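I'd like to ask some things about the structure below.
Chain nomenclature is as follows: A, B, C, D, E and F, assigned in order of appearance, with residue numbering initiated at 1 for each chain independently.
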Amino acid sequence: MFLWIIQRDLLLAMRRRSDVLTTLFFFVIVVSLFPLGVGPEMNILRTMAPGVVWVAALLASMLSLGRMFASDHLDGTLEQMLISPQSLSLLVMGKALAHWLVTGVPLVLMAPVLGIQYDLPGDALLVLTASLLLGTPVLSLIGAIGAALTLGLRGGGVLVSLLVLPLYIPVLIFGAGAVEASAAGLGAGAHMSLLGAFLLASLVLAPWTAALSLRISME
Amino acid sequence: MFLWIIQRDLLLAMRRRSDVLTTLFFFVIVVSLFPLGVGPEMNILRTMAPGVVWVAALLASMLSLGRMFASDHLDGTLEQMLISPQSLSLLVMGKALAHWLVTGVPLVLMAPVLGIQYDLPGDALLVLTASLLLGTPVLSLIGAIGAALTLGLRGGGVLVSLLVLPLYIPVLIFGAGAVEASAAGLGAGAHMSLLGAFLLASLVLAPWTAALSLRISME
Amino acid sequence: MAINWFKYSSPASFYFLAGKMIPLFSIAAIVLCAVGLYIGFFVAPTDFQQGEAYRIIFIHVPAAWMSMFLYVIMAMWAGIGLAFNTRLSSMIATAIAPTGAMFTFLALWTGALWGKPMWGTWWVWDARLTSELILLFLYIGFMSLQAAIDDPRRADKAGAMIALVGVVNIPIIYFSVKWWNTLHQGASVSITQSPKMATTMLTGMLIMSLACWMYAIAVVLIRTRAVILERERHTAWVGELQGAAR
Amino acid sequence: MIWASMSDFLDMGGYGFYVWGSYLVALVCIAGEIILVFNRKRTLLRHLSLIHQSTKQEKRNETAS
Amino acid sequence: MLEGNNLECVRGDRRLFRDVNFSLEAGGLMQVQGPNGSGKTSLLRMLCGLATPAHGEIRWNGAEIRALGDGYYAAMTYLGHLGGVKDDLTAIENLRISSALGGVEIDERKAHDALQHMGLGGRELLPAKVLSQGQRRRVTLARLLVCGTVLWILDEPLTALDTAAVKLMQGLMEQHLEHGGMIVMTTHQEIEITAVATQRLQLA
Amino acid sequence: MLEGNNLECVRGDRRLFRDVNFSLEAGGLMQVQGPNGSGKTSLLRMLCGLATPAHGEIRWNGAEIRALGDGYYAAMTYLGHLGGVKDDLTAIENLRISSALGGVEIDERKAHDALQHMGLGGRELLPAKVLSQGQRRRVTLARLLVCGTVLWILDEPLTALDTAAVKLMQGLMEQHLEHGGMIVMTTHQEIEITAVATQRLQLA
């Protein structure tokens, strides 16, 4: 069933190939906008790089949250999920995972290229990619809660940012912190293990919370 | 009629008071995220400030573009607008103006406060606000074209960014440039007059183009 | 003494109970505030380092403390409302949020006004200040979410979810102090260490904090009464209330 | 008394703007909150009494017809 | 007078119909009939100028509707599958705005009366999202009471309506026809509308 | 056996109904009737557990449905106003996914046959967004052919269907009832369904 949901969401994403691409391009564009706004000095850019890439990843992932449940809600599929004889947490987990596959993974793959644009050294690039790999699933999982809570509320797209961004902040701090620490020659180990802990915690808690929120929203 | 549209859109926004607030807070949050990712050194932050504020304004305005036509499309109001005996360009102009009143104006009012957080000097704050005042209506107007073109395409939210961001870039460059020029002690006059020119041009061209795009999307 | 708690957990009886308690807390708040301000401005000596600017402390610290306490209390009531489906606790949570946000704003504002003369800048991005800002966002998120939902039952439950999830965030941000070089004063009031500041200053600050507590309780009670009336307007007892008011 | 004069008090050793700026805004916020919360209750009560009257009216009509 | 000459509709790789001809005079009713997917909605959208026929032309009082533009739109009201009802606005606001869009500005009083007539008395101030399906439909249909146009194009106006409302609509349409109006409509339900001239257009 | 005891429904500040009692045995059909806005949809959503009654309880084979949870859901199929049809997926994909959600995984062949039976032959591979209203509805209804559940809860299943499809549905429902199924449905259209026991629940 879990697999069915993932498969279905991926199928939908494939039917709209542009979806995957556009999240990615959004990420790329945001990262590339900053040098335009800030100016071309390499030193400043290099200091900014981890923060900018992480903020862009966060925004890109957040912006696609709306799609996680909204369309299922509008056409009545979500009702069917609630009365389906399957575990709702599992369904939600499937949807979050599909969301990550569609939005998170491309970002992770793209990040090194963007890092190079900002002249990051090699191992910082590695740490950047690794931190994104650990961090983006957390974003999708936490995002599922926000998306579930704002379901059917109009202006939900922006409301969800309001709810979810404060929760994303730790991920951002430790994600960008890991890269900075490694660039500064300190190990990134502590940051990375914290990110891992976040991932585990959100894997356990978020689907359950999001399922509860969904039930609340659909009452 | 023009007034009717504005009034209606404002009414809808008021019915959802949170809409206005959430765009604003999105702006605030994005601006506040960067120091978290980049680190707290004031010198770096001060250099980044104009770019960051402008990019955030751009994103905030862009993200609320989806609302401009989408809900009217879903419930069939847009069809009615197309077959209304009113000039469609005027209708579109009304909608863009309402969008600016709801999303742009609050940003302009908030920008000085955020500038202070980044420790910008007084006259740079003034220029920042003025540049936003000239620039944000351009964003709404250009955005209307993008929103019209992506209407009904799913993943439109991200697709619209893709179409619209490249057009936003000149506004971003000259907007942020104005602040930097004034901070560097050069006058911001040249940048400002260019922004003004953008505004005039988009006032004339954008509603017409957006109306045409709407007709194309609804065919 | 056996108090029948269930009696007071019904909105109707709480409405009347709160009506009786509000004057007490209001008076206490006014008196304490007057005493606190008197000590703060007329008894406490000038600080040898900061000059008179330090007098902001009498509003800044109470506001900062209240902002944090109120969030936790709000989340607690919301959580109780979610778990046991008690309407009253959810209503109290709803009523706390605006006051909490107000204190958070005050802490930020007074801190900024203090920072300018002391640090030479309105704002720095250090852990304490940033976490306070995020706290404001959490409050606003809670309130906007509730405002966006029309059905009060759903609003209560959804608000509770976000308030509880937000609590998780607070300690995390709080401990990120380690990763930041901080300008802000650390805790100078603690039980284990002897107070570092003049006793008069400390008394003034504590009395002002108490005044803020009383004020917060009074306002929250008033707002809870309003919320109760809004939610229960179709019930018989509100109707009777109106009949009596005629 | 630690203040020599009223103007001395208001000046706050040169920090008057900051100190009074803080307390003034605090005052405004608290006063604003109090006004808002009472307003909320007053409009609500007015609303309720309207509802009450109209339901009484309906009941009277029902019994009359 | 509304005329269609040799209309042809192609959707995707399917030709839905061809050589459709009709002409509708004042007081005339045209019922477009046919099974699901036969192209009724497609035809109606063409008549509104929302879609272009693959072939043929549509004339209003002798002139091509595309060329007429706003002049045609001011004489026509189209109610499609989608109601154009905004979830967040009240029934009154919805009605006032949708008729303003159609070129007729009405005041609160008039909107109120129209809704009352449609059986929504007491629900005028509810946001549309809490209304039932049938009530939403009634809000949409209330526009017909205030629009003052000659030509009505109605795509399954009776869905979700209860029998009382169907009767109401029937009366409304008959009255419109009596006053020299024209109606093009589709429906899968049985409905008898007396008109000067009723024609049935059967799509395969 | 499905039972409702003293059900009461409150929406906003309006009480829609109270003291609704019924019990539905195998082979039984319950038609919920009433004018627009009388609470039919609200009642049906309660029976699915999607809304909570203000008062009273709903029992399935003697146990509260809330307590039963998935056990109940596995025995029930609900088709509401909204079809749950995804615009971007083809008819086949839509059917396969929606029935998988309902707990029954079917293969391509079976989905194909069901759609064929619903009169969508040749349209199985079109994305749902180009289908007509009636065709979309048929995609939704096709689930009934493959779900294999005992209790069907259908909210206005006949909207947008043409007469042929209405007849088809009628046959389908009669067959289901014959095999000991149960149906709760609402409709504003006239439809005669022969069943062992038909009851009509009239909401004010």
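We adopt the following convention: a contact is a pair of C-beta atoms (placed from the backbone, for glycine too) under 8 Å apart; a residue touches a chain by one contact, two chains touch by 3 or more.
Since the structure is predicted, the reported quantities are computational estimates derived from the model, not experimental observations.
Enquirer: Fewest touch steps from chain B to chain C?
Expert: The least step count works out to 1.
Enquirer: Going by the contact rule set out at the top, which chains touch both chain A and chain C?
Expert: B
Enquirer: Given that chain A and chain B are copies of one sequence and touch, is their interface built from the same residue numbers on both sides (over half shared) or different ones?
Expert: Same: most residue numbers at the chain A-chain B interface appear in both copies.
Enquirer: Weigh C-D against B-E on C-beta contact pairs and write down the one with more.
Expert: Of C-D and B-E, more C-beta pairs in contact link C-D.
Enquirer: Between 0 and 180 degrees, and as a multiple of 5, what angle does the rotation take that fits chain E onto chain F by Cα atoms?
Expert: With C-alpha atoms aligned, the rotation comes to 180 degrees.
Enquirer: Cα centroid separation between chain C and chain F, in whole Å?
Expert: The separation of the two C-alpha centroids amounts to 50 Å.
Enquirer: Report, in whole Å, the distance between the mean C-alpha point of chain E and the mean C-alpha point of chain F.
Expert: 30
Enquirer: For chain A and chain F, what's the span in angstrom between their mean Cα positions?
Expert: The computed centroid separation for chain A versus chain F comes out at 37 Å.
Enquirer: Just curious, how far off is chain B from chain A if you go by their C-alpha centres, in Å?
Expert: 24
Enquirer: Send over the residues of chain C in touch with two or more other chains.
Expert: 137, 140, 144, 148, 233
Enquirer: By the touch rule stated above, which residues of chain D touch at least two different other chains?
Expert: none
Enquirer: What are the residues of chain A that contact at least two other chains?
Expert: 16, 71, 74, 154-155, 159, 162, 165-166, 169, 173, 219, in rising order.
Enquirer: Spell out the part of chain B that touches chain E in their complex, as residue ranges.
Expert: Interface residues on chain B, with respect to chain E: 1, 4, 8, 11-12, 15-16, 71, 74-77, 79-87, 218-219.
Enquirer: Can you list the chain E residues touching chain B in their complex?
Expert: 48-52, 70-71, 73-74, 76, 78, 80-89, 93, 97-98, 100-103, 105, 127
Enquirer: For the complex, which residues does chain C have touching chain A?
Expert: 134, 137-138, 140-141, 144-145, 148-149, 151, 153-154, 157-158, 161-162, 165-166, 168-169, 172-173, 176, 179
Enquirer: Show me the residue ranges of chain C that touch chain D in the complex, using the header's touch definition.
Expert: 41-43, 45-46, 51-53, 55-56, 59-60, 63, 98-99, 102, 105-106, 109-110, 113-114, 116-117, 215, 219, 222-223, 225-226, 229-230, 233, 238-239, 242-243, 245-246
Enquirer: Once bound in the complex, which stretches of chain B touch chain A?
Expert: Listed in rising order, the residues of chain B that touch chain A are 16, 18-19, 22-23, 25-26, 29-30, 33-34, 36-39, 44, 47-48, 50-52, 54-55, 58-59, 63-64, 66-67, 71, 74, 153-155, 157-159, 161-162, 165, 169, 172-173, 176, 180.
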